[in-house]
Structure formats: structure tokens, C-alpha cells
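Next come two complexes, and both contain subunit A; in the first it sits with subunit B, in the second with subunit C.
And then the complex of A and B:
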């Protein structure tokens, strides 16, 4: 038994570390993009089109990860693409978390008509295919960063709402909530000072997960050409381009895909690792 | 009696949910900024064109009246006419539905096969390297969504080792003798294994991409319940009777731990169907999802509405079926 817990902790330690390292690189790349990217991400040079990465025959020095069909530097575009990804992850992730968690806590704690209304809304939301819903919202709201963030919040709040509601419901039955009632706490105070701290680990784990999901949704919208304007480099846009020239220039698809893969994986593993670390049962 | 009452109340909530979906779709498209005419017409359309379209779609009436007209049409199965193809929405949508259903069911089968195998292997070799490896694979499978798996598979089986088709549903050069859109099912019935092989070669990657996240979920949850049941009395008894460990897992533990996994698979199946939208796009597979994205890009309003509502009906009925199956299989509810 002890043995098992030891290995969980060791594994979650490695996961936390590895994902934290990648996320730090990701944030640094986004913040320092104009200073660290070797080329202008938008500079086209048809003479330098479809250069392979540095270790493949036919490469040009200075273009480490090669160039796309318009001769734009893939590495610089990935570094600049991290900016959009980071903004979407932070803003859309946090806003989704706040909206969904607030509704979930209200539904789970106050019950009654508020719970019925919110739960019914969640049911209705769950009947929409999320990607289709997102694309539809962008079509209505128009493309652009604000629309993308808004669409993610409108679609994904249910993810928090469902889990936080269930967790709040569980916590509300605990003895300490009773004690708070006996001690004369108001309901709002009980919710904010007694229940919230106990639901918070769940919310934080969900939040990091949601940040990864937001990055994916943005990439999917970019992929179908419905996200940010096309002259802003995004990972999804690069992937869409790479998909069309996959047989001529695999690197245009591979490198942004790897960046997206690692970022999404790191967000998820970071959240899981945090939860395991703070979960009193596992600890 | 309890079962009957539950069935009725579940049916009622399902209908309320579907009505809610209709309202949301209507509101999103009609009330949010701009108007549907602006979505339908190319820029630079004349005033007369706008007026004509407005009358045609009843948009000169109040929003409330518009909803009543639209909703009663929908109830009669009239989803209007597609703007981009000039064909009735219902027939367009029903034409594409079989392709998406075949893809989703194939993905579900793959997910259950992969997830189930991994769960049994992980239980059989619990506490060893094999289980640790399966845990890591589950973790990755859970974190990476279908879209990224699809892209990774394209690189792997489309470019690096090109053994599967990366685009379309069936090779265009094939003569299809089919009368329905259920190509895979019909090719099996007609014993046309040449066409079936071609269909499967096209379907393999999109189905696997959809299946991997679900396979990870199945593997994780089923392994958890299997590991609980392999130490219960009846498993121990089977072992003392001389059953092999694999047989104990398969014939004793598995039937007793399948119920929670089954419920979860049902719920997750709707997520899988939702995933077909982008996966079909990625693999140019001619299903509903691909048509939906085209409809949004062409601003084909009636078609978008029809597809979204059909998806919603599909989702709510899958959920309903899961709940009913669960109620039926669960002795506590059945005999209450």
C-alpha cells in the first residue's frame, strides 16, 4: 500500500516537472517572441520556399525548422503562434472557469429552482456538438480573437459547472457545513469561506485542463480558417497549411503539431499532477 | 412501476432539452448581431433582394411569430431549403447521416476493443511494468484530443508509412452498387469485400483518432473496477477451483465490473459523435460534420439549423438509450 503511494508521488513528481518545464518555455516564447525569433514570421521569400529543417540535405543555415511554401520561417512562426495560444489559454480558460464554477457552486449549494434551471441549461448545452457550436458562434460573431475567446466561454462553461456542482453537493453534506450553520454563518459566507476552499483543488485542476482545451479549440478554429486574421501566425493555421502540403514539406505540419501536442499534454498533466499532489486522500 | 415512471420522466426531460436546443439555435442565428439575411447574402446585394428574401423566410414578422412558424415546420419535418444547393435540408442531412453513423460506430467498436484489451492486460499484469506502461498510455490518451490524434495518424500512416487512405470515404474510381448510404453495412451484406476493404482503409484513421481518447477512458475505468473485483470472494473461489488468472478476469471479474464502464461509454459516445465534425473535415470524409463546416462557411442558414438539430436529437437519444439500458441492467432499479 505504502509502496503504491510512493510510486504515485514519484510519477506525479516527474509529470509535474516535465510539464512545468515545457509550459515555462511556452510562456517565455510567447512573451519574448519579437526578440528571440530568428526571422520575421511574416516575411515571405519565394526563393526560400519549402526549405527543409537544418539537419536535412538542402537546408539553408539560419532556418532551423525549415520554411513553408511562401518561404516564411517555421520556427519564428511557431514562436509567434505561442502568443495567440497563450492569450487564449489564459483569458478564455479563466473566464470559462469563473462562469462555470460560479454557476456550479450556486446550483450545488442553493439547490431548488436555481439548480433546476442551471442543470436544465447544462443538459441543453450537452446536446450540441462543441466544435460545431463553436464554428456556428464564430460565423455569427465574426472572426477575431475576442470572438474566439467568447465562443470558448459560451461553450465550455458546462465542463466546470457539472463537476463543481457535484463537488459542492458532496461538500454541502459534510459536518463542517453543519457546524458553520450552527455557528450562525450566513449561507453566502458558508459558501465562500467554507465550501470554496474545499472545492478549489478540483477547480484548479480543471482550469489547467481547460487552458489546454482552449488552445486546441483555437487551433481547430484556425484550422477551418475561422479564427484570427490569416496574417497572424497561429499553430492551427500553420497546421492547416501543412496539411495541404504534407507530401512536399512534412516539416510545415510536424513542428507546429509537436508544439501543440506538448502544450496540451503539459496543461493536462500539470493539472493532474497538481491534483494528485494536493489531494489529501492520495497524499 | 418505478421503471415506467422513470422512463416517462426521462422522455419528458428529453423533449424539454430538444425544445431548448431549438430555441438556442433559433436565438443564436436570428437575434445575435446582424440578421440572417446578412448571413445569407453576398456583400453588395440589392435592397430588393433583401426584401424578397425577408418575405420568403417570413422575416418581416415578429421574432416570436417567426419562431412559431419555424418550429411548427420543424415538427412537421420541414427544415427548409438549403441556400447553397437549393435542395430540401432534410434529405441532404439524412443522406449524410449514415456516413457519420458508420464512422462513429466503427470508432466506438475500436475504442471498446482497444480499451477493453488494455484494461484486461493491465489487470492481468497488475503491479508490474506492463501496468505502469498502460497507465502512462492512458494518461497520454486522455490528454490528447481526437483532432491531434488525427493529425499524428496522418503523418504516421499517410506519409511515413503510407498504408491507409488519408482522404475521402471511398475511392472515386470504384463503382458502387449500393441503394443506401450505409456503404460499409451494405458492402458486407452484398459480400463485396473489395469495396469493404476500400471503405475500411479510408475509415481506419479517422475512426482510430476518434477512438483513442475513449479507449483511454475505458481502459482506465474498467481496469479500476476489474482490480476491485479480482479480489472479491467469487474471484478467489474461481481461483481455488483452478481457473487461470486470465480466465478469472474474463469470466468472473469482467461481467461484474462492466456496468459503470457501460454508463460512462454511453455518455462519452456523444462526445465521440461530436468529434466527428472536425475529424471528418481533417480526413475530407463526406459525412454530416464536413457538410456542417461547409454550411457555416457558405452561410447556409437552414442547412446549419438542420444539422445542429439532427446532432442534438442524436445526442439526446443516445443519452436516453444509455439511461434506459442502465435502468434495465441495474437490478436495484429494475426490481424497485
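And then the complex of A and C:
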């Protein structure tokens, strides 16, 4: 049969594959960092400071993306930085998703006082400027990976909560929910087996988006030096260091930025691609 | 077992009239059903007709307790279910089923037909009762693997019927179930219902605004107007000797094929 679906699927296929390839590279780099990075990411050598990338005149062989002002290899630091980014993306993204979606579904389905309480909480939460809130939280919790993850979860659950609540509210008005009641389902069973499958595509799209956002928030916190101690390479930390020498050594800033950009973009595209691929209604 | 599966007496439903709500204080109540009494004998197909806004859908939703009445009694097989809580109602649910008007929104779009039919039975999609129910409504058992959006309107409504009869209920409420279908699917679904009523001995309440559909299927008819019953009669009597002016108005609104017109 001739219709528009064939071309749509091809496009989403390319998108899905490109983002999957980058994310696979990202995950492999993070997992295999000690073995594949060409240099020790922390080894300083002032004689090799500010070496340009391999294809620029004056480069030293073996330092593909150049070195920073302390002579540390940029490529190795990006590869090691992927570890922190991956941990933050997975743990913070998933935890945010679970907390926000659960509260959103409860608010949207049960309504009443639970909805009023959760919705007001979301309103109050969102009135805080998020970056300042994060900085404040880190100041209270202390720096470190756990605090970064905790800060992301505490700040960003509202993003899930609002969207999932709205979607649940929509779905709860459908006749299939009434039909579940007529069939004698308990409220909890209706929520878990009837509404959840319909809200899940939204949740998955949001989850991958949130993983990207978690990477960005970590980078922002690294940028203001509130994330991980400086002897552990992070993309945000590298961008912050590169900023001071942007005119002498642009590569220190640009390459981590590109890695960050591609990762965040891939997460979002991957989510949408997955949704289009596996949602029975869109398929 | 009582002879009447439903005994409804002085049933009242009202809702808050938000269009006339004062700035402070509660909104006035708007009566949807104004004290309705009727019975549904076992094995009878009862038609409920009325114009738009007459309260027929509200009556249906109240009978299956998707809504709670504000007054009156509603005996189902001797139990007063008018004010039962959700939990107290649950053991009775399998005995009272409903077929919905819009088959697309009443079927979960992300569950296969098999899972939709199996879920109320607490069974898996490959349970023999699922195939049996699908067969009863004239769908091949392979349809269990399909999603609702892959079906035509008539097929979807058959799935809705299959889900209702799979529970072997004693009473089924059908709310305008053919009004969303094209004429040929309508005829097929009606034929199917006639067959099921005969085979399974169902007691059915059939809500419709279309008297020609009612005439085909029902043995008794209730005519509703603005929340009141204006006529309650056997179908033949109603069509032969309508007692109330409103019933005659409805009867006159049935389009009849006129053999004198040629085109």
C-alpha cells in the first residue's frame, strides 16, 4: 500500500541510528577509558603545554586533539570525562524520571488532595531559578558526584511531574478507563495496566531528554567548580579551563563542547527515534 | 433469583450547574434524572430512547455505577447498588457489563485486542475464552494479536462486544453502540447482537436515539424526555399506538423510504 509512512520511518531510522552510534561510542569510551585513552588524563608536562590538534602546524604526534595549558592530553581527558557524564546521565536521569513520573501519575489519576499538594509543590519548586537552586544545594550537600546527582533529581523531577500529570489527566478521561472500572479493576490496577502503557512513550521520550539535561547540569556545575574535585576530568571543568585561554588554545574549549553537544543531542534524538520505532500506535 | 434483574425506583441524578454558580456559595443543582422508576425483567431487551439531552446516557452510566445517583433505589438482583462504594461494587462488576459508544476510545490503544478481552477475565491473551469470545462476535481468533487502530469501526465495536460477553454477564448496557458506525456496519452489529441475545440469553438495555434500531432489537421501550419517563411500553404497542405526543414526534422523525420517489 502506498502511503506516507514509509518515508517517515526511513527518516526516523537514520536519526535513531546516528544517535545510537554516537551514544555507543560514548558508552564504550566511558567503560574502556583506562585502556583506550592514549595518555594519562592527569599527567602534566609543561614542556608540552598548549599543543594544537594533530592537523594544525606545530602539533606533536600522539596528541590528536592537542593539550591544555598544563600539557594534559585533551582527547584522554574527554574520554575520561565521559565516565562522569555517563554515570550522571544514567543515575540522575533515571531517578528523576521515577520520582517525577510516579508523583505525576498519582496527581493526574487520583486528583483530589494528592493532586493539589503535588501541583502546588511543583509550582513552588519551579519558581526557584534552577541553576541558583543547584548551586545552593551543592553548597549545603557539599561537592562530589552523589551531591551532583542528588541536586539534579531534586531540581528536575518537576519537569516529569508536570508533563506526566497532564498526560495522565488526559488518558484518565478516556472511555477505556471507565471500561476498566466496569470490568472491576481496582484503581491501582487501572493506573498500572491501562494508563501506564499509554503514558510510557511520553515518559521514555522525556527520560532520554532528561539524560541529556543531566549531562548539561553536571557541566554547568563543573563550570562553576561545584561538581567534582578538579583532579577528575569532567567536560564542564574542561570548558571552564578552556575559557581562560580561548585565544591561545581554542581546542581546549571546543572539543569538550562538541562532545557535550553531540551527547545531549543524541540522547534527545534517540528518545524520539525509539518512540517512533516501538510505539504500536505510531508504527 | 429475582425475576427482575433491575428494579429502579425514583432514581434521581443531579449535578452542580456551574453556569449559574454565584461568586460565593455552592452552585445550584441541576436535575438530570427526575425520579425514574422502571424494571428490567430477565431475558428482555429494553430500549431506552430519547432526544439529545434527555438523560439516557446518564441513566445508563448510573445503572452500571460509573456515576452515583443522588436519590432513589436501584436493585440489581435484589442488591441495592445505588450507593455502594467502589470496593463493595467490585464483586458485582462481572455481572454487569457495558458496551461503549465510541469503540476507539473505549479500547486501550496500546493493548492488543487479546489482552483487552483477557484482562477483565484475569487471564492471559492466549486463554481459550478469548478466542471463544472473538468467535462469538464473528472475528477470527488471530485478531487477538491486533491493535485497535488496525481494525475498522465495525470490528472495533465487535471487540467491545466480545469484551463484554467474555465475562458471561447477566446484564449488558449498550450505550449508542451503533451510532458511530456506517449503515452497513450498523446492520451487521445489530444482527450480531440479535444472535447473541438469542444464543446467550442476555438481558440487555439498549440506549439509542434511533427508533428504527430499537424496533429491530428491543422487546420493551422506555421513552425519556428531560429526565422523565414519558412512555414505557412493549415495542409493538409503542409503534402501533404511541400514547405520548413526544413519542409520536420521535416516530415521525424516522426517515421512511418512499417508493413514490424515483431517482
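The rule we apply is simple: the second predicted complex is superposed on the first by the 267 of 283 C-alpha atoms of A that agree within 3 Å, B and C clash if a C-alpha of one lies under 4 Å from a C-alpha of the other, contacts with A are read in each partner's own complex, and residues count from 1 in each chain.
Just so we're on the same page, a contact is a pair of C-beta atoms (placed from the backbone, for glycine too) under 8 Å apart; a residue touches a chain by one contact, two chains touch by 3 or more.
Owing to the predicted nature of the structure, the values given are computational and were not obtained by experimental measurement.
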Which of subunit B and subunit C A:174 touches, first, second, both or neither: second
Subunit B versus subunit C as contact partner of A:183, first or second or both or neither: second
First (subunit B), second (subunit C), both or neither touched by A:197: second
Subunit B versus subunit C as contact partner of A:103, first or second or both or neither: neither
Touched partner set for A:260, first subunit B, second subunit C, both or neither: first
Which of subunit B and subunit C A:243 touches, first, second, both or neither: first
Residue contacts with subunit A in the superposition, subunit B compared against subunit C: B
Contacts of A:219 with subunit B and subunit C, given as first, second, both or neither: first
Subunit B versus subunit C as contact partner of A:126, first or second or both or neither: first
Partner chain in contact with A:274 - subunit B first, subunit C second, else both or neither: neither
Contact footprint of subunit C on subunit A as seen in their complex: 174-176, 178-187, 193-194, 197-198, 200, 279-281
Of subunit C, residues touching subunit A in the complex: 64, 66, 86, 90-91, 93-94, 96-98, 100-102, 105-111, 119-120, 147, 149, 163, 167
Subunit B residues touching subunit A - in the complex, by the definition given at the top: 13, 16-18, 20-21, 24, 28-29, 32-34, 39, 132, 139-140, 142-145, 147-148, 151-152, 154-155, 158-159, 270, 273-278, 281-282, 289, 292-293, 296-297, 299, 304, 307-308, 311-312, 315-316, 319
Subunit B-facing residues of subunit A, complex: 7, 15, 120-121, 123-124, 126-133, 135-141, 212-213, 216, 219-220, 223-226, 239, 243, 246-247, 250, 253-254, 257, 260-261, 264-265, 267-269, 272
